Structure formats: structure tokens, C-alpha cells
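Heads up, there are several structures right after this.
Next come two complexes, and both contain chain A; in the first it sits with chain B, in the second with chain C.
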Partner chain A sequence: MAYKPQYGPGTSIVAENRRKYMDPAHKLEKIRDVTDEDLVLIMGHRAPGSAYPTAHPPLAEQQEPACPVRKMVTPTDGAKAGDRVRYIQFADSMFNAPSQPYERTYLEAYRFRGIDPGTLSGRQIIECRERDLEKYAKDLVNTELFDPARCGIRGATVHGHSLRLAEDGMMFDMLQRCILDKKAGVVKYVKNQIGEPLDKEVKVGKPMDEKWLKAHTTIFHSLVGVPFRDDKEYVEYTQRIHSLRTKYGFMPTE
Partner chain B sequence: MAKIERSQKLFLKALKEKFAEDPQSEKTVFAREGLKQSARKKEFIEAGKKMEMSRGISMYDPVRCHLGGIPLGQRQLMTYEVSGTGVFVEGDDLHFVNNAAMQQMWDDIRRTIIVNMDLAHQTLQKRLGKEVTPETINEYLHVLNHAMPGAAVVQEHMVETHPGLVDDCYCKVFTGDDEMADDLEPQFVLNIDKLFPAKQAAAMKAAVGKSLWQAVHIPTIVSRTCDGGTTSRWSAMQLGMSFIGAYRMCAGEAAVADLAFAAKHAGVIQMADILPARRARGPNEPGGIKFGNFADMIQTDRKYPNDPARCSLEIVGAGTMLFDQIWLGSYMSGGVGFTQYATAAYTDNILDEYTYYGMDYIKDKYKVNWQNPSEKDRVKPTQEIVNDIATEVTLNAMEQYEQFPTLMEDHFGGSQRAGVIAAASGLSVGIATGNSNAGLNGWYLSMLLHKEGWSRLGFFGYDLQDQCGSTNSLSVRPDEGAVGELRGPNYPNYAMNVGHQGEYAAIVGSAHLGRGDAWSLSPLIKICFSDPSLKFDFAEPRREFAKGAIREFMPAGERSLIIPAR
Partner chain C sequence: MTDAIYPQIRIVPERLLNPDRVEKLMNLIATTEGVRRILLNGQRLPATVPYGPARGMENPHPMRKTIKVGDQELELQVHVGTILLELENRDPLPAIRAACDEVFAELSYSIKEGRFMKSEPSLADYAKYGPDADKDIIGMADPKSKSGPVILQGLK
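Up next, the complex of A and B:
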């Protein structure tokens, strides 16, 4: 019988969103259109239009050892070209940001190839070959996975995920990389992800409203969203995993 | 699980003191006031300038050096209430470098060694035919308390240490033999009956029996200049010389080797085991302290025998300070970041609130009379019950963070929250069941629930330790596990993660505190640290840390006698 991923338990909208975002068969809803050039500016790894710096010659030009694994795995475009490995890192507010750290890692693992995600409490990083990264970053920023006010693109000094929101609804950022243009109602990046000032502002769109956030978030929250306690199936499933691991190690059978 | 009502919120006083806004407000105005918010940071700037002038090398310059000109304090720089004390302190004052009480707590552990006297007495009596009586023991102890700080007893011409520098050094003895204890001079005796509640005292005396043990504390200044491995050596040398002097032995006779062997090896209880070569530490260094022994060092239950929760919280405070701030934060890692993690567990009464919620829950649902520690009414540690208690305590703690956004902002890092939530869960299970491994198992379920609920946990390290913890919390195979009492900071999966080790020690202790046991692992260590003559009061670690933070704690090992006056 072929393996069919279940993407996790739960009866709540939070659980449903988690499954949806992880499932590659679900087409992520496109909400904004940040251009390739603007994303390159925010990430700050290279100047827009410049050639991709390389870590090694293109695979076609270098002597590859006879290796069955290399024959099985088709290289990504970035690996083929010998691109550097670079990153994009997100901080996500606990006030109903659509993506949250582990959810990001899981969905990226299902949807993208050749990635190295890292998951912490206040940030989540994905590293991969540069041209692959730029492709993946578009999905991560332009779709329902992102909210301009509650998700931040931050390379360093990331903290904000657990803090109260600013009076304008923005997640705290010590470096104020992005600010809300109150007149236009649009969030714009004035610094790149490690806090270097940008030559031009990059607009990433309007913050989504509370109703949308609550409907799209992947975090349980008893004050502003769905209490974890209310998703009994999810809690019981976690208890079950724990019990089976306790009794049978990592090969649980009942 | 089913939520219970608990109107008291122990953390509210701190939140109201720390934040201008309603603790339940979701929004704030980030004033970005920088360093000027903090009296201590301003003091640092002033002191930095002064030091720069005197040494001619640049120093503390946060306005220029922090993030290319953006200083700390873009949000509110908070003070912290040391839990259970009502004392508010600056976060900086809880770094061990800035806190003399924290240093002294570790000094008092590192400079301590327990040495059996029976072996030496047998050598004197059987091998040398000498008489050993209470009078000779008193005389020996008098000689020893002269010699241990660094004075000569046999030699004719010898350098010695200044008593004013080593006044914290001494030796007392203890035994389970009342008759023997009565015959010894009270100044030299740890009186178990006076120091412990009757039930615990009786248990300890029965465990110690007629053996006589020396609790030796070498000078703080010595163990600071050398290391923990020095403690047994310094102690053994002075013990040997004191025996020679007090019992009129020949200084070079072969029997001295027996005394030395007993004092250095056969009769020695180190506070911590030697670590593997890759850790490059001798005995009596923090990484080798067994959690059960650490739980025994903390003495709160002598003072508050009916509050196992409070006693466990004191172990958490002391443990996170030693294992996170000093061991992992400095011995193993370096830098200053670990303090911010560790203090979360003993400030603002947050862990206290979550733990007392657990106490209310186990009383309400399982009828555990937690304020009357006893092995009789503990709950059977079935998986179902462990899961139930840990789940409820975890969900409640998560909800508190959610309902009070300032609380979440207080514990702004996931590792802080994970450690605190799991600790409350582990302590509640430990106290309810009287089983330390059940407590640890509750900790690991808490971690899984936390991760699933918020889709985040702590830093990378939590991916290993806390997500495979379920599988090893009931394993006792070598290299894979041990009962909690015998685990320690160097247990394979525990060796790298801040925010765990002090809590584990407390979970171990909580099981025994819940049962009303006299000790967790070692009655000898429990008795040794009950000594009121120690510089650090091991019954009230958090209060001592608060005293250190407000600069009211007087440590040992000061050098002012031998340096120019300032």
C-alpha cells in the first residue's frame, strides 16, 4: 500500500490549515505580488540583476564521481549551476500569523527540494541554493503563508514573535526593517533582512485583517484564536504519541 | 483533563510592577528609550568610562557597539522580581558575575567534601593500637580546624595562610549515634535532631548509623584559585597532618598512607563525579553533580516541610543558576546569554503560579494532600495519570501566557517558556506520584504538547533532547538512561541544553519531597548542607540570590586584606 501522508491530526481550523499548507496538492492562494527584484533586495544576498555567485563550477562542467545516489537524485537548478547556499529567515507573531516555525519547516519539506530548514521558537530559517531560494521565497511571501504585519523577514536580531503588538498592529522589530505606511495602509521594507538600509523602499502589501488572520493561522491561541484545549483530537493524539514512545521507543506498536 | 478555577495569579504583582499597561493588553507603544530606562545600564556606562580612562583601553560602549548604534532597550528593559522574595532586581544583577551570592553558592558546593572517619579510626586502633575516644576526637577536631584553613601542625618552620582570608574554612562532624554526638563538642557537631524535622532526622540517623563523617569546607579562596579537584586534595593533606599531630604519630610511618588513602579515596564523598576527558573537568565540578545529590543540597524542606512545591521551586532556582548560568553558560559555552534563559525559572513567580496550579489540580482531581507530604496518598504513576496531570498543567500554563500578553513578553523566548511549562508539569507529576521518572515523563509530554500547540518550542537543541525524551524517561539501560536521581548534567542527551538541568534536579527532588522523604539520594549530602555556618543559606537560595542582586550578601574569599585599599 502506498504511503499517504496525513499531515497531522486535529479537527480545528488551525489543524486544517496546517494540513492544507503542508499538502503540495493544495494550491497556495496568491495574495500579493512582490517582484523578483524586490525579494532579492529584501534578502540582500546579491544586487538585483547581478550574476549568481558560485560555490563550485556547474555540475555539467565538473568531474562527478560515479555515485548511484547522484544518479538517482536530480539536482535542483541552483545545484546544477553551482550557486552558493543562502537563506531567508522569518519571524512569526504568535498573534495569529499564518505561518509558525515548525509549520514552516514541515510545509517546506513537503513542497520544496534541496532545502535545509532550521526551527527555533522565534524564527525559522530555510537555506538552499540561491536561485532555488528566490523561487521558494516567492511562495513564502506572495501567498497565504505570509502576512506583512505579523510575519517578518529577519536575518538577525529577530525578536518580536512573543511580544505585544505595536499600536499599529505591527509585530515588534527592534531594527524596524519594515514599517506601516499609514497613509497608503501598506507595509514597506526600508532595510534588508539583516538591517542594512535599502536604496529604495520595498512594498509588501496591506496587512491582512484580524478575521482573515484567525481563519488562516496555524497557531492555537486562547485569547485571539482557537484554544489548543478545544481541539481534543489533537491533544489526545499528542498524548498517544508520547505514550507509545515511552513504552516502545521510536518503533511504537500497540 | 479538566480545567480548574484558580483565582490567584502569583505573577500579577510582578507584571503590574514591570509594565505600565494592563497585563492583559495586546498592544503597546514601543517607546524605544534605550539604555536610559535602566539604572544599572547607566551605572555600567559610567563605570565603563571610568575604567577606560584608568586602563587606557576602550571598554563598555553600547551606544556605538550594539548593532551598529541601536542600543539595547528598543522595548521595555524590565526589572525582575526574584520569585518568592518580593524583591525586584535588574536583570543584570542576576548574572553570576554581578551577584556574589550566586558565586558563593557554587563556591560552597565546590569547596565541600565529606570524609568518613571510621576508616581512619580503625587504622589508628587496629594497626597502631592507639586509643580513640570522644576526647581524642574532640582534640583532633580542634587541631583540624586549626589546620584545615592552612595552618601548620607538625612542621617547625612553615608558611601559613592568614586567618582573615580563610575564615570560611572549617570541618564539622555528624553521626547517627546520639551518644557519640553528645560526647563531642557542640561547635564541631551537625546536630541532626535540631536541624531537621523529627521524622526526617530519625530516618537520617538510622541511615548514617554509628558511622562518623566529617563535613569539610576548604577555603573559598583556594577552590577559586585552583578547582574542584583540589578540594579532596587540600582536605586530605590537612586531615592527615591533623591525625599525625593529634594522635602523635610518626609523620612518615606507613600507616599515614592508610589515612591518606581513606581521606583521598576510600572514605571520600565528592559532591560531583569526575567527568570524561573530553569535558576536561576534575571531580567537584558542576557537570558531575548527580541530580539526586543536588536536590539534597537544597534544604528548603527543613524549613518548609509542608510545602513541597516551594521546596522544588527553590531547587529549580538554585539548579538553573548553577547548571545553566555557571555550568553550561560559562564552563561549557562562554558568554552571557544563558542568564536570560535561566532567570525565567526563578523570577516573577511565573513558574510558581503554574506549579501551584498543578498542586490545586492534583488535590482537586486525585485527592493528593500535597501539603502533607507522605508516601501513603500518592497517586499510582500510570501513563494515563502522568499524561493527565502533565497535559492539564501544560495547557493551563500556555493559556496563562496567551491570556496575559505581558506574561508572554516577560518570557519572550521559547526556551524560557518551554523550560517553565515543562518544569511545572514535571513537578506536579513528581509531587503527585512520588516517582521521579514519572515526573520526567510528564516533562517530555509537556514539551510535545507545547510544540504542537504553538508550532514552536525552544532553540535547536530542544529538537533532540525534548523530542526523544519520551523514549528514555523510563529506560534504565546503561548509556541510554538511569533513574532521575542518578542522572546529571553530563547524561548523554542533557549535556548541551540550557533550561533543563536545574528543572530535572527539581523534578527528582519533588518526588521525594512529595513523599516526605528525608533525602533524595544521599543522606550524607543532605546533612552536610544543613550546616548553618555555611556562607550561603541552602534553605533559601532564591532569597540569597536576591540579596546578592541588591548587594547585601557578604561572600567569603575576599582579598581586601592583602590588596591596597580602594
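Up next, the complex of A and C:
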């Protein structure tokens, strides 16, 4: 029988969402339409429309050593062209943000190629070749994995994940990269991810409402969402892993 | 300085507060009799980007505003999240609760009693204020910053 990944335990909506986002067979729902140019502006690695700077000559032009692994693995577009490695980093609020760092890393590993994710408690960075990055960033921002108010694109000074929200429902950001336009109800980025002011505002759409967030979150929260302890299966699984890895050094048998 | 221990309370609203709401609450609390010291705590909002590739650039932030408490202008340096108060005694508590009810309206909040303010000088306090520092000043402003605490006109 062919191996079928289970992605994760749990019976709650949070666990269900975690599995759904990780499963490459599940097509992520497209919610907003941030253009390529806008994303390039927010990331701030190159001017929109400019050529991709390269780190090495295209693979077709350079002599590759005879290597069976290189023959087996097809290079991504960015690797083929010799692009630089660049990054996008996200901070997710613990107040029902659709994604969270571990979830991001898992789903990226299942869905994308040629990436180097870095997972921290309140932020997650993904590094890859520049043109691949732009393609992946579009998926990460335009789909149900992102919420303009509860997720932030932040290269430096990322603090906000574990803080209370501001009065208007936005996650705290010391550099205030994005602001909520109250008249239009739209979130717009006024600085790029490292905090340099942008020449033009970049709109990333309306913040989603509480009901939507609760239905799409992958974070347990005992006050505003689904408490972890309510998901018995998840608790049992976590306890089992904890117990096994504690006993591992002695005699790893059940 | 007597050794009396004054009651202290901590007000924690559900959200980080906008400057106008802080101003409204501060004006109500500052006019309440029996409040000795007020401390606004929250996430710091520096005037320039402190680190990262954009270090040193201007950092305009809508939450860093100057508010007016009584006759005194006060520049907020934090996004206010917690308000600590030291009282003469427990008498002003109902008035403070009423002020919170009025200002927070749709936001929930909690008030706790305990010891929340710095009681002993730290090494940085010692370096700034010396061995005979006034204990009322300790913990009221960051000892490493050039700004000091704001003194409001009392009601007595």
C-alpha cells in the first residue's frame, strides 16, 4: 500500500486546518490579489521591473561536475538562472492568525521546492532563490494563509506575535509598516519589510472578520479560540511523543 | 520617606490603547484624589529604527503622540498596554473603577492589587541617582534615558 501522510493528529477545527494547509492536494483558497510589483516593493530586495541580480552564472553556461544527485534533481527556475538567495519573513499574531511559524514551515516543505525555512517562536523566515521566492510569496500572501491584520511581513523588528492587539485589531508593530485605512477598511503597507518608507502605498486587502479567522486559524488559544486541552486526540499524541522522547535515552520501547 | 507601604494597582485592558483613550483616562485618574504615582507601561516606540538594515531612519508612529494631562504635556514613548497606580490608601478605588468603566466602554479590562512598582534601586538606578535616591523617583522613568518622570500638579 502506498504511503499516505496523515500530516497531524487532532479532531478540532485547528487541527483540521493544520492538515488542510499542509496537504499539497488541497488547493489554497485565493482571497486577495496583491500584484507581483506590490510584493517586490514590500520585500524590498530589488526595484520592481529590474533584472534579477545573480550570484553565479546560469547553470546551462557553467560546467557541472559529473554528479548523480545533480542529474536526479531538477533545479528550480531561480537556481537555473543563478539568482541570489533572498527572504521573506512573517510574524503571526497568536490571536487566531491563519498561520503560525511551525505550520508555515511544514506547509512550505510540503508545497515548495528549494527553500530554507527558519522557524522561531513568533516569526518564520523562508529563504530561497529570488524568482522562486516571489512565486512562493504570492501564494503565502494571496491565499487563506494570510490575514492583513493578524499576519505581518517583517524583516526586522518583528515583535508582536504574543502581544495584545491594538484597538483597531492590528497586531503591534514597532515600525508600523502597515496601517489600517479606516475609511476604506483596507490595510496598506507604507514601509517595506525592514522598515524603509515606500514610495507608494501597497494595499493588501481587508482584514478578515473574527468568524472567518476562527474558522481558518491554526493556533490554539484558550481565550479567543479553541483551547488546546479541548482537543483530546492532540493532547494524547503530544503526551505520547513527550513520553517517548523522555524515555528514549533509557529504553525506547512502549 | 516613611516606611509605609502604599497600595498599588494594575489596570490591564483587553487591547493596547490609543493615545486619545490614554489621555481621557489619565485626566480622570489625575483628578482623582489619593493617587500618588502613575506609570504607563507598554511596548516601546523609538523615534528612530533601533536595529536592522534600516537602523537610524525616522520611525513615524501614530501611537507616539503628545497627550495633555491636566496642564502638563506628556510625550508617550510606549504603546500603552498596562497602567500602574500607587494610591495613598484604598479609598480612590471605586472612583478609578468608575473612570475605567467610562473610558474603556466596549473594551474589557481587569484591575489587580499587588506590588507592581520598583521598590529598590537597581544598579542602573544607583549609577544615575546615587546612594541617597528618592524612592518615589525609582522606577518612574528609564534610568538610562535622558527624560525623567513628569510631575503633575497635585490636588492637595
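Methods note: the second predicted complex is superposed on the first by the 245 of 254 C-alpha atoms of A that agree within 3 Å, B and C clash if a C-alpha of one lies under 4 Å from a C-alpha of the other, contacts with A are read in each partner's own complex, and residues count from 1 in each chain.
Rule of thumb we're sticking to: contacts are C-beta pairs under 8 Å (C-beta built on N, C-alpha and C of every residue); 3 or more make two chains touch, one makes a residue touch a chain.
Predicted model, so just to flag it, every value in this text is computed and none were measured.
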{"item": "Superposition on chain A - do chain B and chain C clash or fit", "value": "clash"}
{"item": "Touching partner for A:30 - first (chain B), second (chain C), both, neither", "value": "neither"}
{"item": "First, second, both or neither for A:164, with chain B first and chain C second", "value": "both"}
{"item": "Contacts of A:195 with chain B and chain C, given as first, second, both or neither", "value": "both"}
{"item": "Chain B versus chain C as contact partner of A:155, first or second or both or neither", "value": "second"}
{"item": "First (chain B), second (chain C), both or neither touched by A:174", "value": "both"}
{"item": "Partner chain(s) touched by A:229 [first = chain B, second = chain C, both, neither]", "value": "first"}
{"item": "Stretch of chain C penetrating chain B in the combined three-chain arrangement, among 5-13, 23-31 or 95-103", "value": "5-13"}
{"item": "Common interface residues of chain A - those touching chain B in one complex and chain C in the other", "value": "157, 159, 163-167, 172, 174-175, 195"}
{"item": "Interface residues, chain C side, partner chain A - complex", "value": "13-18, 21, 43-46, 49-54, 57, 59-63, 79, 81, 107"}
{"item": "Of all residues in chain A, those that touch chain C in their complex", "value": "155-157, 159, 163-167, 172, 174-176, 179, 194-197"}
{"item": "Residue ranges of chain B touching chain A (in the complex, touch as defined)", "value": "3, 25-30, 67-68, 70, 74-75, 383, 387, 391, 395, 398-399, 402-403, 405-406, 408-409, 411-415, 417-418, 441, 444-445, 448-449, 451-460, 463, 468, 470-471, 473-475"}
{"item": "Chain A residues within the chain B interface of the complex", "value": "18, 94-95, 100-103, 118-122, 157, 159, 161-167, 169, 172, 174-175, 195, 218-224, 227-229, 234-235, 238-239, 241-243, 245-247, 249-250"}
